[in-house]
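Mind looking over this structure? Questions follow.
As written, the chain order gives the labels A, B, C and D, with residue 1 at the start of each chain.
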């Protein structure tokens, strides 16, 4: 099963970003087909907005809370993976489990997940123009280093970002049917 | 969503045990209701028998392969969690993610998962009389130490084991709807 | 550098056991030579008694606290490894880092470390007759399963246990000078 | 005991960089006092150059190899921590264990360690002008995001970098004697 990882703010999203995130989930629901799971790092801040919208749209959701928050409340529909690791380690597990990574704007935690995804060879789709720290990662587009492990692409439009993600995901589906 | 962890041999099962494991999956399918996931540590040995039967019966399956085998072939229906940890660490993540643990007989790896489950407060259901090393864990029934973190129960019949698991799982469902 | 892992109670030791643990450290100091490190899981309960005695005797100490207690006070002389994992995961790292494991009696956490050590091929030396849960692991002496990954030996005398550990450690020193 | 983490290339260093790394180790040996440990991620590439020079100067060394390379040869003087995690997870453990992080120029792996250090509140000292990908992280100087968890500073001179590290380390020593 394809896993789309989503790196997003663990805090309240700046105005407008939550709405964009919801629109993104809707495009994923319409264009990615039914056979995928969204993986996120918890159920708070902007991540919660995305999880709620995904569940409303019937998308499967998998959460990787850090050990410090494993006992939080999570919606009954979500599959909660308890890695036994803190914030950083669980981010590694989330990114490794994902086939591709969407970064809906974020701070250092999101940057760490972007770089980890690159190192693990996962294509990365970043929403730009958010006013958050991830915007500056544009200096690393399209490859973080000379080894070209994966492509890092920035999008100004969430709709375009989500459509591109679905194109790539559908390709993966075929590639793995060996 | 409820997660039933299954600790099972990573090697070929002794005669009879594979058949018992298949019967167990069928009882789980009939008595546990639809809203649960089976979590296993890989797709080889006795684990593979269980995964195949679960998929055949339409049960959701989540796999926690160790980092050394993350690139193995896994069935398209399975959700593969890549923790980035080796055999031991991924066993910890599997057990922590599970709400209860079934041990279908096994060797030291299964014993390690049983003791980990106890430490994490997960009820443990062990199939006895397998001729494997887990049989001797009976000296620790019903509590591994004086702290009584969880109950360790042995069963001679897989049918009875699976039925008991489903009773406990249905209780959990209600408890968590808070 | 050789690493001797020590699994010990995280709680106050029963009468007599603390004294035995101190005597054990002194035998290690006298018979193991200077070039080794003791690795423990924290600085509380019986572990603290052992750490304090080791530091008093000038033995190097490395601690693997779980993430929940990484900010505790630790003695300046100790090297504190912060794995970013909880109790179970840090136990895996401790055991893997050790060349051999001593279990000075303990509860389920110690049993988990013993089984992990076996799986990782580390010789295990257990102090018996402690009245704690590890005593019952005797049913698994000398090999936890049929694969014989490592030897599990019980000792009634701490002095004998520590002497045997030093014999094995000195052998390792030579073996690795390749 | 203070731990100075060093993020460095796992591959052969470009001309000049190895010499700079050796000079850095010598300044640390002269100015940091005896009571610290260097932590690195392995014993290959530029890391090996640094480890060899540190051992030659009598500096204590701790290595965090990824699980894939735990069985490599390591010098007898080094303390080898086996976390049981892959490249990314062991980087998290290395950075968390360190009190401060030096990045001697590197690629995406080093960037990941820099961002992780920031998130864990560890001061970061980066050697600039290396021609490697870490150079571009300058867009994030002095703070990777608005939360100011730690300071990120670039240096053109290794000597100045190492001196600054020693100043900060000596401060830590006093701060922690509570």
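Going forward, a residue touches a chain if its C-beta (ideal position, glycine included) is under 8 Å from a C-beta of that chain, and two chains touch if they have at least 3 such contacts.
This structure is a prediction, so every number in the text was calculated from the model and none was measured.
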| item | value |
| --- | --- |
| Chain pair with more C-beta contacts, A-D versus C-D | A-D |
| Equivalent interface to B-D, taken from B-C, A-B or A-C so that over half of the residue contact pairs match | A-C |
| Longest centre-to-centre distance from subunit A, chain (CA-based) | C |
| Inter-centroid spacing, subunit D versus subunit A (mean Cα positions, whole Å) | 29 |
| Residue numbers of subunit B (touch at least two other chains) | 84-85, 88-89, 92, 96 |
| Contact set on subunit A toward subunit C in their complex | 67-68, 84-86, 88-89 |
| Partner subunit C, residues of subunit B touching it in the complex | 85, 87-89, 92, 95-96, 107-109, 111-112, 115-116, 118-120, 132-133, 136, 139-140, 144-147, 149 |
| Interface residues, subunit C side, partner subunit D - complex | 1, 3, 37, 62, 70, 76-84, 89, 92-93, 96-97, 176-177 |
